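Two complexes, one shared chain (chain A), two partners (chain B, chain C).
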Partner chain A sequence: MIQSTRSAWRPERAEHRFGWSLGALVFILMVTLPWYADAYTITTYTRSIYFGFLALSVALLLGQGGMISLTQTIFFGMTGYVIGLLGAERGIAFPWPELAGLLLVVVVAFLFALVLMRTYGLVFLMLSLALGQIGWSFARQNTSLLHGWAGMRGIKPPELFGLDLSVSSHFYWLSLAVFCGALWVLWRIVESRFGLVIRGIRENPRRMSALGYHVFWQRVAIFVVAALFAAVGGILAAWSSGIVTPSTLHLNRMIWVLLVVILGGARYFWGPVLGTVIAVWLDVVISQLTPRYNTVIGIIFVLVILMAPNGLLGLWDSLQARRRRNRPPGSAL
Partner chain B sequence: MKYQKVGAALASFALAGLLSAPGLALAADDGDTVTIGLLSAFTGPFASFGQLQKEGAVLALEEYGNQVAGKKIEVIYADDQLDNELAVAKAKQLVEQDKVDIITGLVSGDEGLSVGDYMKGKNIPIVPMYAASEDMTMREGDPYIIRPTWTGAQPMDVFGYWLAQDKGYKKIYMIGEDYSYPYNQAGGFKRGFLRGGGEEVTTVWHPVPTSDYSSLIASIPLDQGYDAVLYNGAGSDAVAFVKQFVEFGMQDQIPLLGQSNTFEKPDLDSMPAEIVGSYSAHLTTDDLDTPNWNTFHDAFEKRWGHGPTAASEFAYGSMKMILRAIEALDGDVSDKAALAKAMLAVDLSDEPRGPVSLDDHNAAVQNVYIREVAQNDQGELYNKGLFTAKGVSQFGPYDPALYMSQPADSRSEPAGKRADMPAAMLTVEQDYELVPFGQ
Partner chain C sequence: MIIMLNGLTQGALFFILGSGLTLAFGVMRIVNMSHGAFYLLGGYLGFSVLQHTGSWTLAVLAGGGFVALLGLLLERGLLERIQAGGDLSQTLLTIAFSMIIADLCLATWGGHPLSIRAPAALSSPVRLFGFLYPGFRFVLMLTAVVIAFGLWFLLFRTRLGMAVRASVDDRETVSALGIRIDTIYSLMFMLSAFLGGVAGVLGGSYLQLSPGEDITILTYSLVVVIVGGLGSLLGTLISALVLGQILSFSLAFVPEMSMFLVFAPMALMLAIRPQGLFGRRF
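The block that comes next holds the complex of A and B.
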């Protein structure tokens, strides 16, 4: 399933028009959502958006860099903890706690990367698991600063541009705008020379090294960028739920995100977004139907991943390919 | 091209439908239904408490046939897995999607405080069934939070006072779980113990959950004159601690005490018989023998096949208070302020565990029972009542203003030594009167 180093996220030309019209339609529907949907639908999409950042972070490393990193929830929760510590507890006003959070994430991600990027494959996975567990255990056991298991509460969103963000539709629009901006940045990264180099390293690090690229620092850079995506999502998550706890950093959440990304399709640009929206809605709908919802959702994940190892978008692609093959020769495309 | 047009049309319909689908609102609010959200931990480390809570609530609902004053009572059970972030997400779902009239349930104190934060200004009554963080009805009190159950410090203040006064204990070594509910239990215990004449309470905290206690137990200083070890933890942690305590042969060298939940059933069934004689204090005890308790106990056992615990009794009583308030309003719950007032006005003197009334801060004033672990003829362990303190408030014997001027309980507050405790907290006008159990 390894393709050329050309971005696999770029759609086929023939599907371009269809893709654009679908995208425009979804965009209009999402922007106008607060006018036709009920309050809880808005809350659920807000939740999808902040977890979507986490999924983008994982997908950037997995889809582009071929790295499964289990540390991304640490960066997601870290900004929330900093906002709680500086903003909620010490009353420092926006944007300083948020900026301090992002800065801390950059520093910690850089330090993590110095350790992680010396390794590949299984060793990388195990090392990232260890770092993730250290972060989670620290948050859980540090009672003097981080309040251990109880976590930080009392976090409130600031007032931005005269917009009261405690109104859920305002908060939704802000999240959507930031998310669209992040998607644009991600697109630029993927399409850039840097993105190409990262995909090159994914396929063959030695060869990229022979070509004169400093593989280690390129990988460090992509790791820090990915951490920043998670960190921005973490800010929105903390503002929205008003609370950060060690469970935000927990391995369960990390594996959930990994599954979500694979569910949507890790190599596809829209894969993590689609995966997150579906998974968040699955949680909401199925937990209302049965108390054994975790089992049901787990079975759904297993089935989807068995039948569509490249995610739902991969499934869509292969169906398209089959249809094209079955079409009689000479018919117009 | 044709395929794509059809595909696009289908996709847009599907998308519009999917995006606008109001998350499957199961409860239709047609004015003939009162909707109650029961938010609790049905999975995760406290799943047994959540389940017992649900059983108690269901029993109360069934007594009323799920109907009050012609209105159907619909209960939506939401599972938060004892995760505070998820608890807030689920509370949002209950409020925004299910449009609940009342929120109840809540197992842990942190869960309660987090949900309370989110619910501020929503004007929907919250009835915490087991969440015991005292600030919900104290420093962060709210007219919409009504708690007919307990705070962590409430039984422990009596317990500490009794140990110092009646048993003459001077020094206690406490090992506890490192989060807010045990802090509140420790706070109550220290105040009562030091006021009653105790000298010192040393506290050691461990993370939740812990399965290996060998180093903690080995480091108990047996030669420093401690009168007892108090294990300030519950659930699977308590079972593991008590088993290892006995395996080390410690019970022959120093008495073991528990916090309110340590020796609660069903965990007590998994503990060794060597702990018979261990003391604790709670708002129920297994050998209560009053007509109200017996009626409740028999009904509960008949419905669920096992006896009730404090968690199920609290849930039963809370749900009954809610139903009676709805009844008093003749089923009209549209005015939430009136609903909260109606709850405060409910007569709770027939609560199974003993008479309950609500104070000015919407918290329960009630009996506290001192109990010891005993063994019945079948060899089963149970909690046997020894003494009763009547009419105990969440402030203990203190003046509410004085109590609330003290820092909130934490891992280091209040002080563990008599000399470091503020003098105002060591003397009160009228302390508890403990009467032998059953009088």
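The block that comes next holds the complex of A and C.
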């Protein structure tokens, strides 16, 4: 049972080489982007990257753990708020506000997980919605510390390794590097024994528990790890945009991320990445065409759920499978 | 005293909302995330109907009725198609649906908060124990009592209710007995949506309707339903009353903490009894 859940992550051999060369090409195109693209494209890709972290976080929980958590934007915004409070307002130097933010995320995620992980499925979803709303309404109602609607302003990226990060191409490279690092970490997690256990819990928690795994604590652990992914993205987002407001944490943003992940294919490693890139560009296009942005997004969401529940990568996979079936037996590849 | 009455009003509204949500869940195992959007749409429609016809009763019925039809459309047109996808994809679909409704409401009625004017006969202040209290709030409480009794009667004293309760326990057997389970699903979902729409008109007559309210309302209703136990009418009633009081008292004394104090009992409840007051494990 657990073996079969692994297969989606292992491309078959014939596609393997194709996949690697495609990956290398995309990677080269991404690294060299600032040399051939205009500033607007660069900032759009930077946005893809930090929202990509959020998507990875959601995908880790949804694709691997089978949990739909609506709290991830809270962790995304939380680091931004801490950086704003300590860095921009109190003037504390670079690594400390960021580290404090990450630490706070770990603590809060742990506390959330203690409550959330008692539940599964729909109750989990609803509970996470409620917890997310607590976070959002706290940021909105608290005027003394977090400035209510206005949020935090004036966050600046630090100078790192002699790179001036206010230059958009420098910031882009930094984000890309951090993102690649995060992808590598994610790959290690997914391929590890821990990842296997999480997928096992997704399929059958009772059985995993009978096999002697501490289902509750394993789920708590994956939740904290996922929160950290969102938190790192939140640091990049705060540096890049300079502001954090309650709308950073809003449910609409969370639903957007969920759509992104499902659009790409939650169970595929590259699903959230693909989904984010498409969705960020889709955002740009839709907002130019119509003010009814949410309606269009909602319709796309409905269509994806109805027609491609495993996302674009799932659709691609099933098309491949159909082509293979239609091929007459004995013909060469 | 006033604070308690406010809490009771709030609790009544919570009950109307929560009962709709819990009804749909109990029968169909769907958490309808567009319940908040149903509330908002029902309220806005009621507002427009009241403006054109001047009849508040008609506004309530139209708000509820139209939303019920929309619910039927959602259930028959979309949810039924992805039954194989399981509860989660159905729930996700209702989230998407809710986004569309909320956005179209914003397009139609704009971003300014609107308030429905209840008829003078219902809203004149009532003197009670030496206090003056808006009469409309008593109407709201009374409506909640009527709805509670009506639902109880429908579910526990009619043949239809018997079929509904049986299909909660074992849908295969019920449909094997020749009862049209699809029809029951549609009816219950429509009833649930109707309650959402009616709650919107009632809520819009005592609070305000504005964009974003759908999510706030959805959150409150979910809390009510989770605390009460999914699928349980009695649990919804009790938790709605308790949460109404908590919200009212915290708004009066510690407004910055009001959201916290509403969610705290839920977290506590789930820590002790994950299935809620009267829920069972699913």
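Quick notes
To be clear about the criterion, the second predicted complex is superposed on the first by the 323 of 333 C-alpha atoms of A that agree within 3 Å, B and C clash if a C-alpha of one lies under 4 Å from a C-alpha of the other, contacts with A are read in each partner's own complex, and residues count from 1 in each chain.
Basically, contacts are C-beta pairs under 8 Å (C-beta built on N, C-alpha and C of every residue); 3 or more make two chains touch, one makes a residue touch a chain.
On a predicted model such as this, the values are computed, not experimentally measured, just so you know.
When both complexes are overlaid on chain A, the residue A:N294 reaches chain B and chain C alike.
Of the two partner chains placed around the shared chain by superposition, chain C is the only one that A:P309 touches, whereas chain B remains out of contact. Using the contact criterion defined above for the overlaid structures, shared-chain residue A:V123 touches chain C, although it does not reach chain B. Contact with chain B, but none with chain C, is seen for A:T43 once the two complexes are overlaid on the shared chain. In the superposed model, A:T245 lies in contact with chain B only, and not with chain C. Shared-chain residue A:Q141: touches chain B and chain C both.
Chain A residues in contact with chain B (one complex) as well as with chain C (other complex) are 141, 291, 293-294. Across the complex, chain C meets chain A through its residues 25, 29, 31, 78, 81-82, 85, 87-89, 91-93, 95-100, 102-104, 107, 215-216, 218-219, 222-223, 225-226, 230, 255-256, 258-260, 263, 266-267, 270-271, 274, 282.
Contacts from chain A toward chain B in the complex involve residues 17-18, 21-22, 25-26, 29-30, 33, 36-41, 43-44, 47, 140-141, 143, 148-151, 153-154, 168, 241-245, 247-248, 281, 284-285, 287-288, 291, 293-294, 323, 332-333. Chain contact summary for the complex, chain B toward chain A: residues 1, 3-4, 7-8, 11-12, 15-16, 19-26, 42-43, 76-79, 83-86, 88-89, 92-93, 96-97, 110, 113-114, 117-118, 178-180, 205, 207-208, 411. Contact residues on chain A toward chain C in their complex (touch as defined above): 68, 114-115, 118-119, 121-123, 125-127, 129-131, 133-134, 137-138, 141-142, 251-252, 255, 258-259, 262, 291-295, 297-299, 301-302, 305-306, 309.
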